[in-house]
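The same subunit A turns up in both complexes below, where it pairs with subunit B and then with subunit C.
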Partner chain A sequence: MNYLNYAAAVFLLIPIAAIAINNICPKPYMKKNFHTLTGTVAVFQIAAAAYALCAMNANGLTAYDFSILSNLKITGSALFRLTPVSLIFLLCIGMVAFVSVAVASKTVESMRISYVNLLMTMLIGMNGMVLVKDLFTLYVFLDVVGISSFVLISLFRSTKALEGSVKYLVISEFATIFILTALAFIFMQTGSLAYQDIGGVLEGADGSQKNLIYLSIALLIAGFSIKAGAVPFHSWLPDAHQSADTAVSILLSGIVIKIAGVYGLFMVVSLFPGVRAVQIALAAIGVASILTGALLALRQTHFKRIVAYSSVSQIGYILLGLSCGTTVGLIGAVAHVFSHAAFKTTLFSNAAALHEQVGTLDIDKMGGLQSRMPVTSLSSVVAFLSTAGIPPFAGFWSKLLIIIALWTSGSAVLGGVALIASIFTCAYLLRLQKKVFFGETPEHLKNVTEVKGGIKFVEIALTVITSATGILFPLVLIYLQSRGLI
Partner chain B sequence: MEVIIYICLALLLSFCILAAMSQSLLKSAIFLAFASATLGVILFVLGAPWAAVIEVSACSGLVTVIFISAISLSRIKKEEVQKLYADKKQMKYLPYILIIAGIVIIVAALAGSVALPGTAVESTEDFREVFWNSRQADILGQIVSILIGGIAVYVLMRESKD
Partner chain C sequence: MDRPEKVGIRRCARIPSDGGSRGQRGDVAHAGRAGRAPGALDCCDHIRNAPVIRNLYGWAEKGYLDPYQWLVSLVGAYGSLCTRVEHGVSWVYDKGVPGLVKGTGNALSRFVNGRLSRYLYLVVVGLILLLILFFAK
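Moving on to the complex of A and B:
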């Protein structure tokens, strides 16, 4: 168990150590090697999450409590908890952070020290959110993620970036107000915000107490939906994604909306299991997000805006999985978090490659780049197929689980909507592929060459991850079946 | 005691609205300090003296000093700020509407005898015990929040090299 304790501490202590190293070492050296430090932190996180997942499985553990400073011998002193679900989220955080760093090595030319500081604080915030055992502490770390995101979006201080970041900050503050108000109401009922004290709060509550708890649940769902960029709270997302540097867009779309939003909603579902109002609300927001995101993506001409609206749509699928309230639904939702992290970061890496080599992200000004940028083109096609839920890629299995969960929980109509909405996904991504990579190459793009370095590496790595996850996913299903989970 | 809380709630609401709607940054900072001080009184009356002390000293004191220092360091002239807000003139009655609406809600709450949260039961746990053991994770989060605040000020307020 000692090694598991060390692995657990990695998630909070290594980013703090990285901030210290980043600010102590000579600036010229750090500016040149910023990607080595941050890349190492991300690799440590991926390795620690993978190790902890294997160790917990080998020891038959479903949860592992740990603390980084206080004495574990004192009862109740453990403040953090590792679970298989939190470890999958931690794995995704590490993976997306690594991709962001690889892309930043090409796109971030100034403010590298600040980028590292902010990325590490964001990492602490996201890791903290998935590790804590108390709603108030979750709120504190949520704010850490929110402020880091705001500064990262505006890091290079272009007018558009400042506009996007202010929009994000203002809307995000509404989310934190909703969540904090909900916490106050829950605290009034329970006298504690620890997860174990909140579970079952609805049982034994009288009429007015129940109303207050339902109001709290509504506020929590609204707050976390804003953070997730779900419809009707999505207006900040495309602007923030488009205006930020691509390395930051990767973080926002690849992981921030999932940790700050989806993980929060996952906790709501876990803390208030079987509450019909929660399921209906999540299903309604999910369907609205899937359809609105896909339809709006069809109208866009900016590569990053299309991918941003695609995120709104895909978040809808995750919410539909959560709305089932069944184990299969939750597994489908978590699987889609992972597969979405992989294919969405691929698409944003493609955006970075195109911006570097072509100089624009307006899809109307591109065309025929397949022969000029074969790696970018192939990885983009794989990401598109995974997004659309085409077998054998990762997105197929996660969407399949969500649709099966909807079907088996008596929501066949919603399952049908999720299935039909994949046609819209195909439509906007086919349009994107056709305009960017296929057709005749315009004269001004004849000299474009394939991107090199970190971006090319992550494009290949993510394509392998998306394909391998899809091909090996049946093994995961066999394992889950052997544990009686599906 | 309840009367003090309701008066403070009305004052808190008024100060917050005035802070948000004021066209002068300095006045906004001062109204915010008053709002924090009023909140401190509410916390004290509700039996949370530690929270009240931190609210008054940190939010009402320290943060106001930082705000006023930052405002005095900024070079933007008052006329320029007013020019920026020129198109917001039509909203000048909004604060009064909001204040009246808030007072109506408070009066309605009084009339409806909405129960206030009970004053805190004296804890058997030592403050240090709670602070360092039970809420240690919060402290880590708060330290990181302060760190980001510092980075944010550096990133957003630095002189542009362009």
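Moving on to the complex of A and C:
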């Protein structure tokens, strides 16, 4: 159990240590080796999450409380908790951080020290969010993620980046107001914001108390939906994702919207189970996100903007899974978080490769790159197939679980909508593939060659992860069945 | 003033020796033997021309009472219906859905115009919709 305690500490202490090393070591050395430091932290995180997941499973644990710099025997000192769900989120964070670092080694030319500081701060924020045991600490870590995101978007000081960052900042302030107000109302009712104290708050509440709690839940859903980039709170997302450096876009689309937004909504569903209004609200936001995101993606011509709207659409699927309120729905949602992290970071890595080699991300100016960039093309096709839910890739299984959950929970119509909306996903990604990788090669692209180094490595690694997860997913289903979860 | 006998004789004189056509025989019937069938083949014409039966014969000659013609018409109508359905489905695929998707996409793109004030309105509208959802009885 001691090893599990050490593994748990990795998630919060290692990023802090990395910030210290980054600022203590000589700047020229760190500028040259920034990717080694951050990559090591990401690998540590992936290893610790995988180890903790195996250790908890071996010991039959469903939750493991731990603390840092305080004695666990003192009541209330265990501020953090590991659960299988939080470990899957931590695994995704490590994976996306690693990809971001690999891409940054190619795309981030200046401000490398700041990039490392902000990335590690963001990592602490995201890790903290999924480890805490009360809503207020979750809010604090949420703001840590938010602030580091604003600065990371505008780090390279282009006009567009500043505009995207300001939009994100201003709209995020609404999220902050909504969430803080909700926390105040909940605290008024319960006198505590710890998860275990909030659980039964609706039981025994009279009319006015119930209304206040419903108001709090609505505010929490609105606040976390802003962070998740779900419709109609999504407007900041395409601008921010398009204008940021691709290494930062990978973080934002790959994991930040999921931890800051989806994990928050996951907690709302967990803390207020069986509230019909919560399920209807999430289903409505989910369907609106799926359709609006896909329709808007069809009209874009910028590679990163298409992928950003695709994130809005895919977040809708995750929310539909959460809206079921069943175990299968939650498993489907968490599985889609993982598969989305894999295929979306692949598509953003493709964007980085194209930007490096072609010099533009306007898909109307590209074409026929399949023979000149075979690795990028293949990884892009695999990511597209996974996004569209085509077997045997990872996205197929997660979407299948979500649709099964919708069907079995009596929302067959929503299941049908989710299924039909996959056609839209195919439509906008096929258009992207056709315009970028197939057809005639324009004269100015005749000399384009395949990207090398970190970007090529992560493209291959992510393609393997997406394919292997899809092929091996039946084993996961067998395991879940043996535990009686599905 | 002409006398009828002379007219009859003059018309009879125009009958060819080999019998002539049916029309010519009709003329003969009208001229010399009014109201009677001129030969064995036309002996049932008065039945054929009887009220109601004359209509039935007319329909039969046009094929309205022929089951084979019914089937042919039915198959033709079915084929025509299938063609219309196919054209309709093709229209839905080729023009309807792409047009709807394109139109909706364009409208949404115009709506998401990059103005922060509009984005903030959207956030407020979203919250109001959520509150309506939570408090609508």
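Just so we're on the same page, the second predicted complex is superposed on the first by the 486 of 486 C-alpha atoms of A that agree within 3 Å, B and C clash if a C-alpha of one lies under 4 Å from a C-alpha of the other, contacts with A are read in each partner's own complex, and residues count from 1 in each chain.
Definition applied: a contact is a pair of C-beta atoms (placed from the backbone, for glycine too) under 8 Å apart; a residue touches a chain by one contact, two chains touch by 3 or more.
These numbers were taken from a predicted model, which means no experiment stands behind them.
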{"item": "Simultaneous placement of subunit C and subunit B on subunit A, clash or fit", "value": "fit"}
{"item": "Which of subunit B and subunit C A:225 touches, first, second, both or neither", "value": "second"}
{"item": "Angular separation of subunit B and subunit C about subunit A, which is computed from CA centres of the superposed model and rounded to the nearest 10 °", "value": "110"}
{"item": "Contacts of A:79 with subunit B and subunit C, given as first, second, both or neither", "value": "first"}
{"item": "Which superposed partner A:299 touches (first subunit B, second subunit C, both, neither)", "value": "second"}
{"item": "Partner chain in contact with A:137 - subunit B first, subunit C second, else both or neither", "value": "first"}
{"item": "Subunit B and subunit C, minimum CA distance [Å, superposed model]", "value": "13"}
{"item": "Residue ranges of subunit A in contact with subunit C within the complex", "value": "166-167, 170-171, 174, 178, 211, 214-215, 217-219, 221-222, 225-226, 232-233, 235-236, 238-239, 277, 280-281, 284, 292, 295-296, 298-299, 424, 427"}
{"item": "Complex contact set, residues of subunit B against subunit A", "value": "117, 132-138, 140-142, 144-145, 147-149, 151-152, 154-156, 160"}
{"item": "In the complex, subunit C residues that touch subunit A", "value": "101-102, 104-106, 108-109, 112, 114, 116, 118-120, 122-123, 125-127, 129-131, 133-135"}
{"item": "Complex contact set, residues of subunit A against subunit B", "value": "12, 19, 67-70, 74, 76-77, 79-80, 111, 114, 117-118, 121, 124-125, 128, 132, 134, 136-137, 140-141, 143-144, 147-148, 150-151, 154-155, 157, 188"}
